[in-house]
């Protein structure tokens, strides 16, 4: 979508004090971020429809987390930084450069699914090209991997950082502790990014955590812990960027907590009415990061209602077309089921 | 040993402001504690001699930790509180009521060893009678057990607390985190007692911990963390007693850190000269809790040089005799090797 | 007798046990208000309260570790591991602690815990919601493993497990939850842990199995009886550890042929032990090679149905294997 | 060629590999300044510095997890687990992560790590410094397990493991460290992971083993050759996973009899798979029941030497088992 009038630019110039300029974000950055958020939302909505239609057996969505995800991803440099996202991070992987079509292949578990060729459930992304590390489902296991990657970058003097994300429930696990401890001891260039949506499936945060904030745990690891409103794109961007800068400067890891909410059920198998009141959900929906960001863009004249609708329509079209396309792609060949148990040939060359 | 003159009592009365009276410890308490410390020391010295003589294949000592151990144990009520000690805690189990002879059976792995009938290495105590829970060697695993015990006590409305000890290295492990997290969430009556001797075998504390104190980790679990000079019997006693009182009052867990030092090698298999300077060891030996406590006892007239020597001689005699006795006791019968894999009969009745 | 499915059997048995005995508690992720991601604990929270139905943090090692401690304290804990695929962080607590407590304390302490573990594939769960983990624990003396897949067996063995003085891993095949229905005995109904169950008597060959593949074997045996007059004896192990070698060996002594079938992958599976036992103790009675049918030796079950089917043993394969061995 | 013991072979091979290739690193508890509790990493810290010789915190899950991440980052990590008995907290990282990375990424990622694991009993280590853990990992496709016990095999397979593109568990029998000596090949000497090694050719029966019991078998075979004229073929598996079924089956086809010996306990051990394979693939060639000799099925090795001896298979028992089977 191209902008058609110069008007808003003028308006923006008059608003030199606006937060995004202070943060060094350009108009293009903002629009690109907004589009990615809308696309992420549309993607997950489509995935859920595919599930409801019985076209795919399962999905999991990031509804509500898009602001935090896209803001955090904006701080990363694709191809330089290693990224270990978790299953809600559709906004992250889109922002990094995975395409809607690639992601749709994953939803259907198609042969060409770049993450796993249909071996993993949807949303378990991996992509060597973009340094997105292959995900498992057991939670927290990726946190020590992030430390190992950071160790390798450090001793090989490679520029860049490691960004790893996870939910609030994950902070309860042993691997969380062991990883943050190691990163803290060795001041490794890792950004630990927690998307706190206050539930681990049905278990409320108060039964996961004796402290009110995930970030409160950072001090035990000798690292800064920053808790921000995860539905505020700029807060998340600012905190994550500072964390990335600290890491790049050799000052060590940071724990960033983005407080947000998941609007839908845990996965397509879940019924969240069993454990959350509709009131609570409705209250959080008022803080939806997408309309909130849109309001900002409108305020500074970067967006109007018509453009907003157009971006949404465009995103919906893209994901719908991608779904139809992906559905028609070849399924994995059962004859390949025993491939890749071991490497076809050695020796190791770092992969 | 009985006191022979009333003199010191008078002297003590004149010192009403002394710390031990403020803490509610009687003369008898002090002398009993002192004797236990000296016995623990003598026991471990004897064990090491037995190893050097080739009479036992292995041992591990608590040299240097005795002050912390005996002070902590003084806060516990045998038979009421559950106790999960670790392999250095000879002072703890002696204070609770295991006998020198029982412990010596363990050193030799004799059939009558109450902890394991010779199945475990020495110093892996367990004793249902005294609510001392059977120990494994993998570290940190006992911490969630402590939480489970506390849960059971809580829901069954049993009076008492759970006391669990461990080394500084253990704070690095996942099980440490998961246990303290659970205890913090549910405000369980547990005292987590860390004997920080600044080494996990050869690995110095600075490579285990990004924070200068183990107690600094407590805040992440919503519990108080108290770090005390572990060679100061009164500091340890005070902190532990407060922790026990909090637990009894339903106010939840506490992490107590007793900073101390191990005077000898990690175990009889270890040579600590590979990783610690003799200077460092010598400096810590100046803070030896036994002479330090003796000095206090002398100051308040509870002990003189002669009595000090007598207590030592008595302890040495006791452990020497116990060693000779234990050595002569029957070895485990090889025919019992397959016993106790499963219960001989059911059903379960809580054990 | 009421007819229930396996899931209902699990839930109702837990309900009965908790109603009858204050010491019984359940703990795990989402077992409380939610009632469990499979609904296996539904209603327990409302009936028995949060002291006895505990939503734990997301931390499997501590789930088992806390259960162990609670057992020391006199409770009879039933821990749920949400999916078998997530039991691995608890392996230390299970193998080094629970299974060794009695032995290492020379009988002074025991560990009466149950670990309920939904397992198995065929549910489009992909690599991490499909695993069979019995081989992981099968070399662990001190531990018991049961894997019942009829509602009656579930009830009888779950009650036995709760009252067993030793740690029991209670495997529940996810595909059996709704697919397998049967009579659910009322009241006190306890089956002994240990004995295998001859689910179908036969003379031509012995099929040893457990879990969903046991049902495949039963169905295939019925069909082959009708279609080919082949009479397969089908043994449902039900208890995997300790293994009931006697029933297996006696059967093979009668039939002369053995097929072992399981959904776990081939190498290192329970089937190897069954085969090895028979190759020793019933060698003189064997008329044919011992056959095993199992999942492919790949790291886990892939997500896409086409791959999943290619990986797991099917009923058709079981039938074919029985037929082939019968004709040997 | 120099004669070295197994421990020296481990250390010197690590030294060579690190000297030659910047990517090789070691990590674990006490591997740095201390040089390892068995001295297996002695001198590495001084030679290669703390970036490449890393004293980790006391946390096994992260030791393996960090190694995996470092491998993603282009290094070739060799992790040490101080004793096999402490590998259990790392089971999730090993089985669910390392072994599944290639498969789950459809070949996009690999996991070239080595996990060195001192294991085995007979060293008065009690329940938690004596365990054999091979059965725990043996049902894990995607993982490789090697267990060499001669200095030459150690060198050849450790170098192979370091350069293997997949995760390798490298089992080092603690009792072999000083007891087993032999020639240590100089320079580049790599053995393939996979093939078993026929350590002694024979015609009367096949003995399959690995680890210390393999040495017992070799000694017993020599003695029985002299004393009784019995010629046992002794196969050293060396690689347990993937299992070299071909060499085993071919040998049994020749000898007609099979004895499997290992120090791990019987039930669910590697021996079961070996026996099951032969009971299927060499059934027609078998002249006798397949025998297994292993440790007792108790939770672990007890501490007191009298109990320890009663639990572990001895050389005398191996000899007796060979003799008995040969005479069958």
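Chains: A, B, C and D, in written order; residue numbering restarts at 1 for each.
Here, a residue touches a chain if its C-beta (ideal position, glycine included) is under 8 Å from a C-beta of that chain, and two chains touch if they have at least 3 such contacts.
Bear in mind that the values here come from a model prediction, so they are computed numbers and not experimental data.
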**Asked** So which one's got more C-beta contacts, B-D or A-D?
**Response** A-D
**Asked** Which chain maximises the distance between its CA centroid and that of chain D?
**Response** A
**Request:** Express in whole angstrom the distance between the two chain centres, defined as the mean CA positions of chain A and chain B.
**Result:** 48
**Prompt:** Centre to centre, by mean C-alpha position, how many angstrom separate chain B and chain D?
**Reply:** 38
**Fill in**
Taking each chain's mean CA coordinate, chain C and chain D are separated, in whole Å, by 30
**Message:** Taking the mean of the C-alpha atoms as each chain's centre, how many Å separate chain A from chain D?
**Reply:** 42
**Message:** Can you pull out the residues of chain B that are in contact with at least two other chains?
**Reply:** 116, 119-120, 124, 136, 138, 172-175, 178, 181, 185, 207-209, 341
**Message:** Please output the residue numbers of chain C that touch at least 2 other chains, ranges allowed.
**Reply:** 56-57, 59, 61-62, 85, 88-89, 92, 96, 100, 103-104, 127-128, 141-142, 297-299
**Footprint of chain C on chain A - complex, ascending** = 57-58, 109-110, 116, 118-121, 124, 136-139, 169-170, 172-175, 200-203, 207-209, 269-270, 274-275, 331-338, 341
**Fill in**
Contacts from chain A onto chain B in the complex sit at residues 172-178, 181, 184-185, 206-211, 216-217, 219-223
**Asked** What part of chain D is in contact with chain A in the complex they form?
**Response** 23, 25, 51-52, 54, 56-57, 59, 61-62, 64-77, 89, 92-93, 96-97, 100-110, 112, 141-142, 144, 163-166, 242
**Prompt:** Which part of chain C faces chain A closely enough to touch in the complex?
**Reply:** 29-30, 32-35, 37, 55-59, 61-62, 85-86, 88-89, 124-129, 296-299, 302-307, 309-311
**Asked** Which of the residues in chain B end up touching chain C in this complex?
**Response** 82, 113-117, 119-120, 124, 126-128, 133-134, 136, 138, 141, 143-156, 158, 174-175, 178-179, 181-182, 185, 339-351
